[in-house]
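After this come two complexes, each holding chain A, first together with chain B and then together with chain C.
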Partner chain A sequence: MPVKGQIASGPLLAVSNLTKLFGSFAACDAINLHIEPGEIHALLGENGAGKSTLVKMLFGVLAPTAGEILWMGDNVRITSPGDARKLGIGMVFQHFSLFEALTVAENIALSMDRSISLARVAEEAARLSRVYGLPLDPNAHVADLSVGERQRIEIVRALLQNPQLIILDEPTSVLTPQEADRLFETLLKLKAEGRSVLYISHRLEEVQRLCDRATVLRHGKVTGACDPRAETPASLARMMVGNDVAVVTPEGTSTTGDVQLEACHLSVAARTPFAVSLKDVSLKVRAGEVLAIAGVAGNGQSELFDALSGEYPVADDNAVQIRQKPVGTKNINARRLMGAGFVPEERHGHAAVSSLSLSDNLVLARNQSDRRAFLGGGFLKIIRQGAVKAAARRISAAMDVRKSGEDPPAGSLSGGNLQKFIVGRELDRQPAVLVVNQPTWGVDAGAASRIRQALVDLAKAGSAVLVISQDLDEIFEVATEIAVISEGRLSDPYPARELSREKIGLLMGGMHGKTEGAGAAHAH
Partner chain B sequence: MRIELEKRPNVSALFSILSPFIAFALTIVFGGIMFALLGKNPAAALYSFFVEPLSEVWSLHELAIKAAPLILIGVGLSVCFRSNNWNIGAEGQFIMGAIAGSILPVVFYDWQSPLVLPLMLVLGMIGGAIFAAIPAFLKAHMNTNEILTSLMLVYVAQLFLDWLVRGPWRNPQGMNFPETRTFGADAILPEMLVSGRTHWGFAFAIIAALLVWFMMRYTLRGFEITVLGQSERAGRFAGFSSRRMIWFSMLFSGALAGLAGISEVSGAIQQLRPVISPGYGFTAIIVAFLGRLNPLGIIAAGLVLALTYLGGEAAQLSIGVSDKVTRVFQGLLLFFVLSCDTLIHYRIRVVRERFAALKTDEAH
Partner chain C sequence: MGIVEAILLSVITAATPLVLAAAGELVAERSGVLNLGVEGMMIMGAVCAFAATQLSGSPYIGVLAGIAAGALFSLLFGFLTLTLVANQVATGLALTLLGLGVSGMLGESFLGMQGIKLQPIAVPLLSQVPFIGPLLFRQDAIFYLSIAIVAGIHWFLFRTRSGLKLRAVGDSHGSAHALGVDVIRTRYLAVLFGGACAGLAGAQLSLVYTPQWVENMSAGRGWIALALVVFASWRPWRVVAGGYLFGAVSISQLHAQAFGIGIPSQFLSSLPYMATIVVLILISHNRRMTLINTPASLGKPFVPDR
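== the complex of A and B ==
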């Protein structure tokens, strides 16, 4: 097709009325979007807005139900990622697809033509990584690399195909602020070369900083197309969420109360080869305060939660203390009986069983702490459905849980509504200590704001609240004090108002910063 | 054109009830085809297989006798399966229960007391439970796959029984037949009804089914079983221990299989022989699934599968085919039950759009 070059003046990619139905549910509903050559285009939207579905159709992973994709003016059908790469579309997924046991070069070679030798791949990858400021050692094993470095492999892998359009799905969700800055420089360089970038995010600040235009999705529909720099964060949020979201502040919490939750030189060996070991973690949470633990995913957050909750008790009884009593060897229900409540990160299959009703999921967390109210019949331990259902109703009303039917299965609720129920399930007990891991992960902004406010209110009422979160916005909204976890080590806590994002970023980098320096030295 | 399975947004309540019936209907259809291929009149063959055994009082008693172990074992297995523990060795636990319970009437045959029978039943349960404790221990502490260990132990139990009745436990007055002494009057599980042979094992089965139904529906223990079966991690969050659940479910199902074993031996056979079960322990797996792992459903499913045993016997006599037909029907039934369960979570859609897509391609 010789006309290709001339059409370069038109949009690089145009999508018209693109629709994807899952059953009767429209994940993408008649989406229109066009991307110009040499622009960084943001695709904004909350979790579940249809962003990932849209890009999966563009990359040939999902087949559209209806609508057209025009690439340089030609109507194309993209039936596989191979098709997409041939056209000139590269993609960096949110979850990396790398083999940990192989080297960087071997991983890259896997996606290339078989005829190209490994040495050439390594050479080319090293060259690209130099040109685009993505320090990478082609001979390093992936298992030894940080998340930021792994992402660079994906980016280099995409660049090797010499794409006209690069799609990045939530690239900064796994990066420290410093790593993110470096990524932005790379993206600007790509733009300067006339390549286009489709940048998917729900972080308004990044989008305003980086992107030339933005398309906003909500519930599978385009709700706005704009220049993000001409908008305010509030106006962008309105397009994403549909209404104004209440602002949460940690005002009114303080660190003057008694210590209610304490970890004392807590060390835990990794349970599996993929887990992180905790190294000498000490923390204190006082009545009336929210201590937030920031950190990039996979630095020991879930391991810390497991040890504090007692799902996996530790050997040293004194390593964890609740209300100044040692509980390290005690199980989760013993800790609940001492006034603690816990909200794990994963909703489905951990905090809740999807196929069970909400009332059953209430029994899940409170079968011992509320046994007087919920269980009858002596040793038979008959569940008092009436009392449980009444409590479930009370929680749903208090947290504004939107559900279909009186007592639907947990799996039928949206992420935000289920999370409101799961948090409400603990708040309903007025716990003296609450430990929450990723309180609003994958939750819509309205529900997130409500949950955060509830956490702050609980601290104000005199409870000790520990929030483990990757979301810095969230941390600044709720935290009285902030500590940072990195590779299983916890930093000292700092008062939230004295900390800047940059400082947190440096703490997050912790060990990462050093290894990256070494990696860069290799690459050059 | 292609057929697509499309995940339903919610589990279909309709199909979770209909699925066993559809499976049963398909089994009948394919059974009929099989009879036709064997050169028999399918209608007449199916009639003598499924209907004739129900037409007389004595054969109804036989049905209850065959259903009793199936229901008893199936109920125990439902607890196992619901908690995600896959005890496939109920056949072995059945045999070991029968052996343990037979210690009194075989070894201490001259002890006559009303205590003999209750003790035999208790020993039977202990025997089955201890034999199930082996795979339970291996899974709970060595992370061994219980499907393999429990299945392999079946052969251990079968060979152990064979050795006993040919060796140390052989009846000294038995003309060298591989059998133990016949049990004394105190060691025999009496008949329940005056009208026929049905022994109290059938009552045990119904009582066990009702108790387990109550446990699963109303108690925290039942809730614990359900939760751990769905998600070990959520169970841990609830403070439940999956390791203790391995022990509980395996010992519980082992004990019920053992009770079934001693009831069968004491009530129906009244001595030990090299073979005391036509595969009840394996058929009970089908019973458990056909009954949707619900104890009340298992009662019905136990009766259906018992019928396939009777039908197999009848088929030999009246239509002259091998009693392997029983196995074929049981296999068909399990196959269709498991495949029909797909309909609970998925709906079937016939898609013709590919054709349309090709046409638009040509248009370019």
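== the complex of A and C ==
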């Protein structure tokens, strides 16, 4: 095993002192890294550590400010993705770079430099997808495909170039555990063929299972290079975060309270062709518990949030009940007035207006529910700036929101800090019912731990908390009970202690307790 | 020549500039650029075609001048919106106003001059076929070009790799850039093509439709062409169908007056826009088809993060 700093004979790719500046901010600061032929190399780091910036430079999407890239010992300048592909570097993006309006074959043809007919591309794609166990229909429109299928297109597209190095950016964040297992098989097959893989992730378990070596980034710098199998998750996490992250447990929550939030046979038709319809969803959240809803993205989570929050009221008033009162046809403000709080998935443009200040965003969310505190002048409804600013300060202090200045625009905060503010904005009201969709998506570990602890604390204080999340680690940290959503159907709830990851994975794939036997044939 | 043939001939003449301008704009929009300056590019094409014909004596030189004028004018739009990343809607509107003004100035000395008409070319044999022959095969070069251009656009967009790249740029410019497609270059070429087509449409107006120069002679056809692209839901052959429908509607104004049918001409001239609204409502019912055909990054500026 080569030691850090000592370059073994003939690395496939070596990077020395690679730096990328955005203004005066160093997204990547003198990165050194080398990848051997036939190894799976992990690039570990939190959001914003510089992983994506680094691979964008390797793939020619961003131009480095300084430093060198050596490919098979030669100093190369990669100025476009075409250059990278010619060298033999393939890339599977985190946010898929697919064209929804085009077919699978057309999408694949786009990344081919040579002029081959579409029919040939389709044939070749079909052959590769068989060899690597990635079933695909070349003539399907991408818009109609699931996330897992879309990722297969990206992988087949990269493989068609016959690359020596394949870069995967957070590939499992959108997959069920079973789909992830299949991906790992494919990657091991590639490794056996002598190809190298650069595997970007923040999931320590996967990295330990799959990768031969790891390079850890923090704040744009390399903070460690190691054999992940020789490390513990705690030691890897310390390299990533810089200090120990507080562990959150659902200890102290219970399911003995009164039902505060209920959905009864909630069915909602899909609003758009790419939306999912909700089918007969029933759930109960009791005071003092956290019910977590697990599931792969795009299985009805946002539709469920819309129906529960009243962003899109439903036809049947009884289908949603808050504190035992029917609210199905009521809008979000009416539900807030009944003591409920809601945190949607998208921070920018949904939970917050990026260009407005934090205090303005506070008034936007709570001008009805807290009108006595925030609005004055009778029917004129003049904003009481002092009261609003004080509340914004209180929230920032309670959630440790780090910001520049007293009342900066929401868009100037980092993702984690803005998310802390948005969750804090609801917690500050001490809602009896809180519904949160993807509470820590794209948030660094420190902020995520803080937000999760706040959710558990709220339940312990006697509120009913519903968390919708794709992150199984998060779910096990906060949940008293867990239900799984798949294709718009919700499973029965299970006590979190009794549920294994494997069982959740099967439920995610569509095998429901309710529809025994029928779901087993649901192959994606 | 019977009355039916005469009416159909006039419909073809009225529809050709609409088809040409809309086909060009379709390519620009498929690449994600919304150029509202069609009217301006068209009128520039009209005045330059007329002037060049007068000065050279050859309407074919005029046709080339019209194409060049439209393309050059669209280059200005491209520079402002693609290189300087100005707002596409505002720039397009400004281009129309600028075109109307500049063309009036350029054309002042040509006002009232006797024009030279672009003569029809009879296709051997086919022009002898009764009814269809005189209608479709004894036409001027611009008519033949308009059909060839639409066929070419269809083939280009859906059968060639470059066309695929152009559609990809219009669907998601970020992804296209990540794949190594030169987004700005693709859009420049699409805008230039759109401008050339609009210029050719203008040349048709001043060399075929009414062979003379009159200020504002495009008379809102650029706007109809823009509506036509949406009407056709960004499919080339539907532009032809829609163009001939809209052409027929505008001709029916004249014939209705001639026959003394009391439909207000304002109502008839508003028909294309109303038809577009109806079509928009109809196609929006099939959201999936709309999403697959509509260029998703239409009108959005692209700035690579380098």
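Keep in mind that, in the parts below, the second predicted complex is superposed on the first by the 481 of 524 C-alpha atoms of A that agree within 3 Å, B and C clash if a C-alpha of one lies under 4 Å from a C-alpha of the other, contacts with A are read in each partner's own complex, and residues count from 1 in each chain.
In the analysis below, contacts are C-beta pairs under 8 Å (C-beta built on N, C-alpha and C of every residue); 3 or more make two chains touch, one makes a residue touch a chain.
What you see is a predicted model, and the numbers here were worked out from it, not measured in a lab.
Asks: For A:A101, using the defined touch cut-off, is the partner it touches chain B, chain C, both, or neither? Pick first, second, both or neither.
Replies: second
Asks: Is A:S412 in contact with chain B, with chain C, with both, or with neither (first, second, both, neither)?
Replies: Once the two structures are laid over each other on A, A:S412 reaches chain B alone.
Asks: Using the superposition on chain A described above, determine whether A:F93 touches chain B (first), chain C (second), both, or neither.
Replies: Only chain C is touched by A:F93; chain B is not.
Asks: Which of the two partners, first being chain B and second being chain C, lies in contact with A:N331: first, second, both, or neither?
Replies: Only chain B is touched by A:N331; chain C is not.
Asks: With the two complexes superposed on chain A, say which partner A:F25 touches: chain B (first), chain C (second), both, or neither.
Replies: A:F25 sits against chain B, while chain C stays out of touch.
Asks: Please determine whether it is chain B or chain C that touches the greater number of chain A residues.
Replies: Touching more of chain A: B.
Asks: If you stack the two complexes on chain A, which partner ends up touching A:S111: first (chain B), second (chain C), both, or neither?
Replies: The answer is second: A:S111 touches chain C but not chain B.
Asks: How about chain A: which of its residues touch chain B in the complex?
Replies: Counting only chain A, the residues touching chain B are 23, 25, 75, 77, 309, 311, 331-333, 336, 342, 344, 346, 349-356, 360, 363-365, 367-368, 375, 377, 380-383, 409, 412.
Asks: Over in the complex, which chain B residues touch chain A? Could you list them?
Replies: Residues 6-11, 218-221, 223, 226-227, 230-231, 233-234, 236-239, 357, 361, 364.
Asks: List the residues on chain C that touch chain A in their complex, please.
Replies: 161, 164-165, 167-168, 171-172, 174-181, 287-288, 291-296, 305-306
Asks: Using the touch rule from the top, collect the residues of chain A that touch chain C in their complex.
Replies: Of all residues in chain A, those touching chain C are 59-63, 80-82, 85, 93, 96-102, 106, 109-111, 115, 141, 143-144, 272-274.
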